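Two complexes follow with subunit A in common, the first pairing it with subunit B and the second with subunit C.
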Partner chain A sequence: MRDGIIVLFLVTVVIFVLGHVIGDPAGLMAPVDASDQEIARLRRQLGLDRPFTEQFASYFGSLLRGDFGQSLWQDRPALTVVLEALPATVVLTLVALLFAGLGGSVLGVLAGARPESLLDRVSNFLSITALSVPNFWLGLLLIVIFAVQFGALPTSGFGSWQSLILPAGALAIIHGARVFQLVRSATFEEMTKPYAMVARSKGLPERLILWKHILRNTAVTMLTTIGWEYVRMMGGAAFAIEVVFAWPGIGQLMIHAASRQDFPVLQAAVIIAGAFVIVANGMVDLLYRVLDTRIRAA
Partner chain B sequence: MKTTWCKNFALFLVGAFFCLGAAAKPSRPLVIAVSTEPSTLDGQAVIDRNSRVASGNIFESLLDRGANGQVIPWLAESYKAINDTTWRFNLKKNVKFHNGEPFNAEAAAFSVNRIVDKEFKTQRASYIENIKGAKAVDENTVDVITGGINAVLPVQMTQLVMVPPKAAKEKTFGTAPVGTGPYKFVRWDRGREIVLTLNENYWREKPTIREFSVRVIPDPQTQISALQAGEIDLVLDLLPEQAKLAPKFISVPATEFSYIQFNAHKKELADPRVRIALNLAVDKATLAKTIYQGHARPMDAQHLAKGMLGYNPKLKPYPYDPKRARELLKEAGYPDGFELVLHAPIGRYLKGEETSELVAAQLKEVGIKVKIQLHEWNAYRKLGRIPGNEANAFDLKYGWNSNEWFDASRIVSHITCDGTSSKLCDKKIDELMDRAIQTLDQKARDKYYQEVWALLNKNPHAIYLLQQNLIYGLAKRLEWQPRLDDEVRVASMRAG
Partner chain C sequence: MEYWGLNALLQHAINPSLQRFLSWGLLLPCLYLLTVTLFALSGGELAPHDPTAQQVLARLLPPLSASNRGFHWLGTDQLGRDLLSNMIAGARLTLFIGFVSNFIGMAIGVALGTLAGYYGGTVDRLIMRLSEAQTAMPMFLVAIFFLTVLGPTVLNVIIILPTLVWPAFARLVRAETLRLRGALFVEAAIACGSTDWTVLWSNILPNLAPRIMVLAVIELGHVMLAEAGLSFLGIGVQPPSTTWGLLIARGRPYLAVAWWLAIMPGIMLGLTVLALNMLSRRFAATTGSAA
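Right, the complex of A and B next:
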């Protein structure tokens, strides 16, 4: 918890510094042919002419009060802008996580239990491929195949449930592939442990060994991996996928805000995404502890 | 048993999935894609194109542009300058805003006074320059007052949109805009789309398209996919290499002129012969054919195209003649050439980086070694405004000059001795530019500007490159001839 807060504070410091060292919001907001006086006036209006420390102090004070500042681009509170986009991101990532978790785990267990089988080879090949290509490229590929060639699904946007399939599918493939890899190797490892051999020598059917013993021991890996994948998703891949699929979540919002150098919105979005990552992290830790006790008790 | 059930279910899923696509698509309203979401729909506040795709169909101005780019009366029936600083507009009668407010002199005066108010912070700064305000004379007559002589006022009035006094005072005007135009605002789903519908009480002939939406699709590749899949009808600003992927495309010469500006104060570039040599050394036609795949053409050695005020029909592009270029350099005392730095912004202009590379390579052929330096936009812009001595200013600078005014006066800051972006000083040019600003006689202005460009032909301020095209991607069913300016008017479209 304490670590989480420290991390969040550092996040705010870093993005604030980046914003002020790299960017010049007034220069970008002003029209192309604005004179230097006009730009200077704009800068004063936005409070960008005050000393750096003063700006940071007032910024951080406002943050504590839940005030992330006014969006330069939309001229309304930055937090409102971000919170409006957040549900779309949450829906997309949770659905993707569900499929990544289910698909990756089921295939991972089956492949790990029968190494070198056809299923193992095919799914392993596919997951390595999925992990090796850039995620936006995978998204574009899915669009070209399923939306343009087959016309089966919408290319992009946020309307019917169908429009969720491709972006969630792309994300699920990217993250499911990693879940698959870890679950597969964990299962394989458990299968070769002495207790599995003992069970096998007792004549227990393979299926029973898998579901009763192996799964219990790989469950921890499975769940923590899935939790980690959520953290990863919220840390980047989801945003790239949102942009490719014109999904109106905070990823797309951040791209728009960045192109307009709208720092209040960028800051709010990064901090909220950061908070999500920290909470997800905490939940993984918690889950790990709960599961661990159960295993020891069993 | 269990496995067969699973298999059947999987088959069913796959089948259902493809059936979704096979189902007939009902005809849907027109959709236009934009890459970034507008910041506000208040037509007086912002100037960027993505906003205008929506607001340009909601709002109208006193004047507009016709098919050839000429200024025509619109919400005003007629207009004329009654003295050096007053323009009188006679307004159309019986026009109403979408909310029922009457469009009259009071509304017109309010609109002008609203946008020129410093507190209003419009991005359309150049469109209110030298306008002081307006006052209603009677119910249907309004006077616009300028600071001094302002010959481009009619041009400015084509972009100064009329807003209803009551609604425009509301805080929500930017998210619930009200105009006199052919389309009414319906709703705005943030990050997704803006929906507009036909204004049933429109004062002119009613358009055939009853409803359309402006959808946000940031990725250019996804835009073209959506166009191919038949989900959208119009994509703006295709890349040259994307044009052929679209079901249909239209490439129109834009009011954008690309050039490489000289710092004529720099020792090596002070001699006009050197600057002419550099113009001769660049193969503009090849540049247009290769990098832009034909979606551009060499400009006629002036930042203007036929039909624009000040266009000099006698001028032609400098020919590609590296031999003559080398001779001129020799005459000027640089037989072995010299070194220069070419500055260009990153990701601002379509293929700007590639163009810079090509120009650098061609200048090398005549002995001038060019080093390219890329800058982030703000840094690039600052660089262009360093007051003119050669110690800290640029040598060469790549940029686009957009002339949405269709008027040569747009170039003033680039070529006069005191111009904010100028690195050239020629007293004769200054004198002509001054005279052109001092008169409301458009014929005289045309003549002065033609003379300016003739002078610049012997004393160039830049390497004159290309008039760039805008490339629109269209769905098969859409019939539309884009205008010469970059406005997207749905009223002029037809969808089969």
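Right, the complex of A and C next:
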């Protein structure tokens, strides 16, 4: 937890250094045709002529008060704009995570239990392929197949559950592929351990060994892997998918803010999404400790 | 006298470990990567058409069709430009950014990792803390912010991408250096009076090279995917420069009428990363190092 707070603090420091020390907020915010005097006045207004330490103190103070500044593009508090976009992202990523976790784990256990079988070879190759393509490209491919060719599903928008299928599907395929890879190798490893051999030699049916004994030992890997995938999605992987499907979440908001040079919204979005990543990270760590008694004992 | 058939001769001539190494799973990725590298090195010379030549009458032609300028293997875009030629021309910048960024990330990671593993103590703690903090930080978000503030230029993309990969190199190299630090040959080298630099450079690093290479091949794929993502989102490489990620973005508005514009460049990129992934697995299997 303490580590998480330190990292979040570091994120704000990095954002400050990038934005205020290296970058030039006044230059970005001013209209294109502003004169040098106007930019200088804006700089004074924003307090950008003060020393960096003083600027950082006031910047950090307002962040603590939840004041991320006004959105330049929507003329509303930046935090409100970001918090409005948050639910869409959370829904999308959680649904995708559910399917990625279920599909990846079940296939991973089945493939890992029968190495070199047809199922193992095919699903392994497919998962490596899925991990080799950009996720936004997979999204476009799904649009071409299911929306353009068959006209079966909506390509964009937000509202009905149908519009969730394609974006969540694209995310689930790619993140499920990584869950599959890790669960598969964990299952394979457990299968060769002595306890599995004992169970086998005393005549326990293979199905029972797999779903009772092996699964219990791979469950920790499974859950932490799934947690890591959530971190990856919130850390940016889901954002390109949002843009592809015009899903009104944080990712799309960030790209809109970036193209409009809406500095406060961009900053708020990075920090809020960053907080999500850090909290998810911490939860994975915690889960790992609670589930794996071997670590607790150590 | 024994008779040697050609097959037997070959089997005899090529040593067994090399034989196991040679297979379709290795040859196909190598051939593909070689082709793509040739595309990148030639920079449009190998393209069947001039990538920028527009042709109003031959707009949005599907793959495998012909215009009066010639045959278009992968069709043409909304301005009648040949798609395959654009993809070949885009190979140069795509691979260049990938290689350079990955190399910088590798250099930083290997340097910091060897320092941390060899000297231990405060240096180690400091470097590992830094790498942990960086791994926990949502770097893709920071990258978006960085590129928006400092401008989406090729140079800035090359500056920000190594930050995504160096911690992986640092962790691997640190663990391996730590392991080798206590090895007999390193102790012997130190006892002979070798300087730290000599030990690191000629005793430790050569032993790490295979594993670093495996990781570098994997991370090159990651870097290329990240660059494609940034360019697709419009905050990476900007037109008129071309990368595969940018070509996908350019084809996106025409998805309903000309699917090939967005899909084909993605296939070329995906196959490149797939080839890299397959190669790294093969390397890992033959050098006995888990990736």
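Rule of thumb we're sticking to: the second predicted complex is superposed on the first by the 257 of 298 C-alpha atoms of A that agree within 3 Å, B and C clash if a C-alpha of one lies under 4 Å from a C-alpha of the other, contacts with A are read in each partner's own complex, and residues count from 1 in each chain.
In this text, a residue touches a chain if its C-beta (ideal position, glycine included) is under 8 Å from a C-beta of that chain, and two chains touch if they have at least 3 such contacts.
Just so it is clear, the model here is predicted, and its values are computed rather than measured.
Q: Once the structures are superposed on A, label A:Ser259 by its partner contacts, choosing first (subunit B), second (subunit C), both or neither.
A: both
Q: Between subunit B and subunit C, whom does A:Val243 touch in the aligned arrangement: first, second, both, or neither?
A: Both: A:Val243 reaches subunit B and subunit C.
Q: I'd like to know which partner A:Leu182 touches here: subunit B for first, subunit C for second, both or neither.
A: The answer is neither, since A:Leu182 touches no partner chain.
Q: Considering only touches as defined above, state whether A:Val144 meets subunit B (first), subunit C (second), both or neither.
A: both
Q: Regarding the shared-chain residue A:Gln74, is it in contact with subunit B (first), subunit C (second), both, or neither?
A: Touch partner of A:Gln74: subunit B, not subunit C.
Q: After the superposition on A, what does A:Ile209 contact: first (subunit B), second (subunit C), both or neither?
A: neither
Q: Is A:Leu153 contacted by the first partner subunit B, the second partner subunit C, both or neither?
A: In the superposition, A:Leu153 contacts subunit B only.
Q: State whether A:Ala199 touches subunit B only (first), subunit C only (second), both chains, or neither.
A: neither
Q: Once the structures are superposed on A, label A:Ala100 by its partner contacts, choosing first (subunit B), second (subunit C), both or neither.
A: After superposition on chain A, A:Ala100 lies in contact with neither partner.
Q: Residues of subunit A that sit at the subunit B interface in one complex and at the subunit C interface in the other, please.
A: 23, 28, 136, 140, 143-144, 148, 243-244, 255, 259
Q: Considering only the defined contacts, which subunit A positions touch subunit B in the complex?
A: Within the complex, subunit A contacts subunit B at residues 23-24, 27-36, 38, 42, 45, 73-75, 81, 84-85, 88, 136, 140, 143-144, 147-148, 150-158, 162, 243-246, 248-249, 252-253, 255-256, 259-260.
Q: In their complex, what parts of subunit C are in touch with subunit A?
A: Against subunit A, the touching part of subunit C is residues 132-133, 136-150, 221, 225, 228-229, 232-235, 245, 248, 252, 255-256, 259, 262-263, 266, 269-271, 273-274, 276-278.
Q: What does subunit B use to touch subunit A in their complex?
A: 17-18, 20-22, 36-37, 39-40, 47, 121, 123-126, 174, 189-193, 215-219, 221-222, 225-226, 228-231, 377-378, 381-382, 385, 413, 420
Q: Given the complex with subunit C, which residues does subunit A contribute to the contact?
A: Counting only subunit A, the residues touching subunit C are 3-4, 6-7, 10-11, 14-15, 18-19, 22-23, 28, 128-129, 131-137, 140-141, 143-144, 148, 234-237, 239-240, 243-244, 254-255, 258-259, 261, 263, 266-267, 269-270, 273-274, 277-278, 281.
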